[in-house]
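All chains are identified by letter, namely A, B, C, D, E and F, in their written order; residue positions are counted from 1 within each chain.
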Amino acid sequence: MGTEKKILVINPNTNAEMTRTIAAAAQSCADPRTKVDVWTNAAGPLSIEGFFDEVLSTPSLLEILVREEANYDAFVIACFSAHPAVTAGKEVIQKPVIGIFESSCLLSCLLGSKFSIVTTSARWEPLLEEGVRQIGLESRCAGVLSSGLAVLDLEEKSLEEVEAMLLSAGERAVERGAEVICLGCAGMAGLSEKLEERLHLPVVDPIASTVKLAEALIYQNLSTSKIGAYRSVEPRGTVGLSPTLADVYRG
Amino acid sequence: MGTEKKILVINPNTNAEMTRTIAAAAQSCADPRTKVDVWTNAAGPLSIEGFFDEVLSTPSLLEILVREEANYDAFVIACFSAHPAVTAGKEVIQKPVIGIFESSCLLSCLLGSKFSIVTTSARWEPLLEEGVRQIGLESRCAGVLSSGLAVLDLEEKSLEEVEAMLLSAGERAVERGAEVICLGCAGMAGLSEKLEERLHLPVVDPIASTVKLAEALIYQNLSTSKIGAYRSVEPRGTVGLSPTLADVYRG
Amino acid sequence: MGTEKKILVINPNTNAEMTRTIAAAAQSCADPRTKVDVWTNAAGPLSIEGFFDEVLSTPSLLEILVREEANYDAFVIACFSAHPAVTAGKEVIQKPVIGIFESSCLLSCLLGSKFSIVTTSARWEPLLEEGVRQIGLESRCAGVLSSGLAVLDLEEKSLEEVEAMLLSAGERAVERGAEVICLGCAGMAGLSEKLEERLHLPVVDPIASTVKLAEALIYQNLSTSKIGAYRSVEPRGTVGLSPTLADVYRG
Amino acid sequence: MGTEKKILVINPNTNAEMTRTIAAAAQSCADPRTKVDVWTNAAGPLSIEGFFDEVLSTPSLLEILVREEANYDAFVIACFSAHPAVTAGKEVIQKPVIGIFESSCLLSCLLGSKFSIVTTSARWEPLLEEGVRQIGLESRCAGVLSSGLAVLDLEEKSLEEVEAMLLSAGERAVERGAEVICLGCAGMAGLSEKLEERLHLPVVDPIASTVKLAEALIYQNLSTSKIGAYRSVEPRGTVGLSPTLADVYRG
Amino acid sequence: MGTEKKILVINPNTNAEMTRTIAAAAQSCADPRTKVDVWTNAAGPLSIEGFFDEVLSTPSLLEILVREEANYDAFVIACFSAHPAVTAGKEVIQKPVIGIFESSCLLSCLLGSKFSIVTTSARWEPLLEEGVRQIGLESRCAGVLSSGLAVLDLEEKSLEEVEAMLLSAGERAVERGAEVICLGCAGMAGLSEKLEERLHLPVVDPIASTVKLAEALIYQNLSTSKIGAYRSVEPRGTVGLSPTLADVYRG
Amino acid sequence: MGTEKKILVINPNTNAEMTRTIAAAAQSCADPRTKVDVWTNAAGPLSIEGFFDEVLSTPSLLEILVREEANYDAFVIACFSAHPAVTAGKEVIQKPVIGIFESSCLLSCLLGSKFSIVTTSARWEPLLEEGVRQIGLESRCAGVLSSGLAVLDLEEKSLEEVEAMLLSAGERAVERGAEVICLGCAGMAGLSEKLEERLHLPVVDPIASTVKLAEALIYQNLSTSKIGAYRSVEPRGTVGLSPTLADVYRG
C-alpha cells in the first residue's frame, strides 16, 4: 500500500535488552499503515545518565541517521533528555527527527494544566529541569522527580520494587501540583499502567507517545524547518571523522 | 473492528460552509481506523472573532459534548483560540477534549526552534499572544501576525487574494525569526501547501494536526487528568440553564 | 450633584445571600459621591467553582452589561477568577468593566513585595495560578492556597470554623513568603479583619478594593481601550442568541 | 468629619514649578473627604533624570516621611521611577507610601491587555524597563518610549511642541502593541487629555491615578506589610546622619 | 611597573572592624600587579540591613567615588545587595564600579547549574530574591536562605556558632537544589572554607570574587558603558548637596 | 614559584590559524603568574557553525580534558556557543572547565544593563538566543546579531571588510538597546578595539575575558560543583569508545 510509512526508533543506550522494551512500546499503538523498526546504538556507554554519556553516544547515532535517511520517513531518538543527537539530527538530515523528551512533554500538556517528569537518578533533576526550560515548558512543569532508580535498575530490580519507587516519586509530584506524570526514561516504557491506576491520573509513555507524534508529522508530510537553527550543513574540510560523517561535509 | 475510534470535530462558528472546509482537512490524514465526524455549532455568531463571540458560542458546544460523550472517543474544538469551551469541556466530560490552538502550537515546536501564528484580523494578535502565554509557549513563539483577513473573508475572497495576504504575513513572520508557520484559523484548513512552497518552511494545518494529536491520545487510552484544574463538576443547584446542562449539576 | 457616579457590582453566582455579603463590602468604603448597586446573576449555578460554572454564568452577565450600560459608570464582576465575563464585558461595552480578581491582585502589589491568594476549594489553586500568570503577576505572587472551604461553606459553616480554615491557609502562605493576603472569593468579603489581626499583615478584601479601583477609573474618566484586544464587536449574523445579545451583532 | 483623610504628595525634584503642576493633578479627582497637600523636596537636583539624581534626592524625602508620618494618612512619591525613597519609605514608616510609577502601571493594566510608558529622555528607557521588571509587569508592557524631552523641557518648551513630541512617542507605542499609554513623568500631569483624543486610547495620568490608589488603601485602612521586605528599622549605631534620620535608629 | 592597577574596596557599613575582614579577603588572591585599598564609609548606620540603610549609606559612598576616581582603576561596593550606590556609581564616574552581589552571583554561575545565597537576617530573603531578578539570574538561583544571623553577629558571636548557623542554611539550600553557595554578606568574607568542606560544594566568597572580576575588567581596559542606563550626569541646578556632589552637576 | 597556575585554552575548530589568534588574545592580559597554553582540536570540521559541528568536535575535546587534567589548573573551551564539551567536560573532570560563551556573557553584565552578541552567520542567531536562555541571561540580552560573516571569513576576508561587517551588526545592536557588545566568535579575538572606538561602548573579547574568569576561579581554588548536574561519571560498560574515554567508565 502506497501510504505505508516507516519509523526508525533508535536506542542511544548500547543495550539491546532496553531496545526490546522500547520496541514493544513503540509498536503498541501505531497506525496500521506504520512500520516501526528499532535499532540499538553501536557505540557509547551501556546507559545514558548524564552529559558525558550523551555526547559519547552521539556520533554513532548521527551515522545511523545519515545512512538510513533514505529508508525511513521519520526517526525517533529514544533517550529522555535534551540529547545532542536530536538537534544535530534535525540539522543533518531532511526527514523528521524527534526526541522522546520534547515530544512526550508536549503531549503531556494536552492532558492537564501541569505535568511532572518522574525520572531515574537524582542527576537527571537539574538536567531535565534545564531541558524543560530549553523547550520552553517551564510554566507547565510541576517539577522533575527522581525515583532513585539507576537506568540499569529498570532491568535488574524486580517489577514490584521498580513500581514502588516510581509510585513514591509520583506521589511527591502530585503534592507539588502535577496533574499528569510523564515517564522520564526510555527504559520505563510499559510501566505507565500501574502508576495510572494507583495515582488516578494520566501517565504518559514517552516511546509510544513519540511514535504517535512522529506519525502526526509524517502523515501530514511535515518535516524540520531548514531555514533557521536546523539549516543544512555547509561543505567544509574535516579531520579525523568517520567516512560517513566526513561525507556530509563534502556537500 | 474493535479498535475503531471516533472523533467529533466541532466547529464553534455557526457556519456550515466552514464546517465543510474543516471536514476535508480533518479526514485528510487520519488513521484508517479512525472515523471523523464534524458538527456545526447550533448557537452563536457566524464567525468567532473575539472574547464576546467565544463565550456566546460556548453553552451550545458544551451541550454537544455532554450529549455525545458516549458516542465518541475524543472531541476537537475547532476554533483557533484559548476558547473557553476547551477548558470547560475538559472539566465536564471524561473523554479527551482538545482545542486546535493548543495542539497545533505544541506540534509546531517539533519542527523548528520558533514558530509564528499567521491569523486573520488584528484583534487576534493580542488575544493569541495572551493565549500563547497561557499555554506556556511564549519563548517558542516568534509572534502572532495578522493577515488582515476577516474570518468570513476566507470564504468570500478569491483564493489568490487570500493566499497573497497569508504570504505577506508569513514573510513578516520569517523576518521576526519564525522557522515554522502555524495557520491561526480553522477556516484556513487546506491552505498550508501554497504557503509552504513559497516560504520554504513547514506550515502547520491546525485541523489536520489536532486530529492526529487526538489520535495520539486515544490510541494510547489517555484522557484529561481529573485531579486538578479539570476535576469533575460537583452537584449544585442551578437557575435558568438548559435541561442538558442543568442535568450535569444533578450529580 | 453632577459628579455623582454609579457602579453596578454583579454577583455571577445565582445566590442572593452572597450578594448581600457583597453589597455590604462594596458600600463600606466608597466615595460619598458614589452610588453602588448590586445585582444577582439570573442564570447559572448557585456557586462558581470552575471553568464550566464560569462559562455557564456568562451569557446572562453579558445581558446585564448590555442592558445597563447607559445607567452606570462602571461594572464590577464579583467572581474571584479570570472569569470570561470580564474580558467579554470589556469588549462589548464602552464603560469600564473590572473583575475582582485582577483588581485586588494589582492592589495587593502596593502593600508588600509578594502576596498570596487564600481561596476556597483545591481546584482553584491551578485555576488561579494560571490566572495570576494571565494578568502577568506571577513574580509577585507567593502562591495560591486553598483553605479547603467550598464556596457555599462560607454561608453554611460557623464563622469560627471559616476563620480557622482561612487562618491556617494564611499561615501556610506566610511560610511561603507572602507579605500580603488577598482573599480569593467574593463570598469572603468582610472576613479580612480577623485574619489581619492574627497574621499581622494586610489582608485585601476583593470587593471593597475593586469598588475603589473602579472609582479610580471613573473619577478620572478612564475606560477600556478599544483599539486592541477589546475592540467593539463587529456586525455579523447570529443563530439562537437571546434578543439582547443578538442585537449587539446588528451594529 | 471623622473620616477625612490626608495625603501628602512629595515632589522629589527640587522644583517648585513642577510641584504646582503636580498639585493640580493630585487634587483634580480626589474624594471630597480627602485633603491633598504637596511638598517640594528640600535637597537634590532640580530634576530627577537617573540613578544618581534619585539617590541624592532621597535622604531629604525620608526626613519628610519621618517628620510628617503623624500628620498624614498616606504619602505619594511623585517621581516616575523605581525611586529608592519608595522602598525605603515603606520600610521606615507605618503609613502607606506609594510611588507614582508602580501605581500608575498597575492601574494601566485594568484598561487594556498591554500598556506602554511614554517618558522624557532616552536614558529612562533602560531604567524604566528594569523598573517594570522589578514590579513584575514585563509581560503587560509593550515598551518604554522616550519622547526625547528633558524633564525640564516640560516647563520650558511650548505646549504644542511638548504635545507633538508625546504624540509621536505614543504613535510608536501603538505600533508596538500598546493599548494604553501611561505618562512616564510627574511633570506630564495634565497632559493626558490631548493625547487621548489624538490616539483614541486611554492615557493614564500618574499623579491623579496614584492619589486614587492611595485613597483605595486608606479608606480601607490598608498599609504596607511589615513582616517581610519592609520590616521596621532595627536600632543600631549611626555616623553622620541628620538628627531626624539618626533618631530612627534609636528605636 | 606601568601595568600596576589599583582597586578601592569600599565598605558601605560604618564599621571599621568589618573593613578589616574585607581587606583580608580582598587581598587574598589578587594579581601581584594589583594594589587593593579599603575604605570605611563615613556616614550611615553601623550595618546595612535593608532599603533604608542602603540609601542613607549612599551619598557618602558617592562622594568617595567622585573624589577618588582619578586615583584608582576600579571601585568595589562591598555590600551584598542591589545597593543604590552601585548603579549611581556606574553613572557618576567613568571607571568601573561593581557591587559584590552582582559579581559573585555571576561568578557562581560558572560553578554549577544552580546557586543559592546564604545570607544573614530574614529580611534579606525578599530583598535579595528581588535583587537576583533585577540582575536577571532568577532561573539560576535555587533560593536565598537566611541563616538567622544579624550582620553584626558576624563579629560578636563565636566562630563555631556562626559556622553552625551558616551550615544549617547551606544544608537547606542543597535540599532546594543548590550546587553552589554564594556567601551573602560582606562580613562573611573568609568563612567559605569550613562550609565548603562540610557541604562538599564550592562556596563563593563575595569579596575575593569581586576583586578578581574587577581585575578581569581593568586588565582588559573595560569599563561601564556610557550610552544607556549609565550615561554621564548632565549639568543642572541643585539644592542642599555637599560641595563635592553639587560639583558633579556643574558639568 | 608555587603559586603559578596553568590554563589550557582548547580551540574546538580543527584550524591552527584560528588557534594562533586565540593564543594572542588569551595571553594578552593574564596574571603574570599564569601560564596559558593553547591546543587545536584533533578531530572535527575546520570550523564550528552549528549543532552537528559541535557534537562531532566533542569526543576529541573530551579526550584532551581527560588526558591533560593533571597538567592544568583550568580549561577553556574556545567555541562561542552552548558547546556540549563544556557541560560534558564539567562532568568528566574535577578541574574547572569554562566555555567562552557563558563566561563572556556573564562578564558583559557588569558593564551595562543590556548586552548584545555580534556573531558570524545567521544560523547562530537562533542557536545563541537559545544558549542565552540556557544560561539564564535572556533579560539582560538585547539580541544576537549576525554580521553575515562565515567563521572562516574571519581569516580570509580583509580586516577592513570584517570590521565593516561587525560595525554594521554592532550599530543594529545599539538600536535594539545594547549598551555592551560581546564578540560572538573565538575567531574574533583581537577585533574589539576598533569596534569600541567607533561605537563608543565596551566590546568584550570572549577569549581574553574567559582567561580572566578562569583565573578568578583558580586563584580562589574554586571548581565545578560535583553534587548536582556535574556529578562524576559512574562506572559502566561501554562499546566502541576510544581507550581514553572508555577508561573513564572503568571507575
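In this section, a contact is a pair of C-beta atoms (placed from the backbone, for glycine too) under 8 Å apart; a residue touches a chain by one contact, two chains touch by 3 or more.
Treat the numbers as computed from the prediction; the structure is a model and nothing was measured.
Enquirer: Provide the labels of all chains in contact with subunit A and in contact with subunit E.
Expert: Chains touching both subunit A and subunit E: C, F.
Enquirer: For subunit A versus subunit B, what separation do you get between their C-alpha means, in angstrom?
Expert: 27
Enquirer: Per the centroid of Cα atoms for each chain, what is the distance between subunit C and subunit E, given in Å?
Expert: Computed value for the inter-centroid distance: 44 Å.
Enquirer: I need the residues of subunit C touching at least two other chains; which ones are they?
Expert: Residue numbers touching two or more other chains: 113-114, 125-126, 130, 133, 138-139, 177, 179, 228-230.
Enquirer: Tell me, which pairs of chains are in touch?
Expert: Inter-chain contacts occur between A-B, A-C, A-E, A-F, B-C, B-D, B-F, C-D, C-E, D-E, D-F, E-F.
Enquirer: What residues of subunit C sit close enough to touch subunit E in their complex?
Expert: Contacts found on subunit C: 113-114, 139, 177, 179.
Enquirer: For subunit E, which residues are in contact with subunit F within the complex?
Expert: Per the stated touch rule, the residues are 29, 31-33, 96, 98, 102-103, 106-107, 109-114, 135-140, 174, 177, 179-180, 200-202, 204-205, 208-209, 212-213, 215-217, 219-220, 222-230.
Enquirer: Using the touch rule from the top, collect the residues of subunit D that touch subunit F in their complex.
Expert: Those residues of subunit D that touch subunit F are 125-126, 130, 133, 138.
Enquirer: In the complex of these two chains, what residues of subunit F are touching subunit A?
Expert: Touching subunit A: residues 14, 42-47, 49-56, 58-60, 62, 84-85, 87-88, 90-92, 123, 125-127, 130, 133-134, 152, 228-231, 233-234, 236-241, 245, 248-249 of subunit F.
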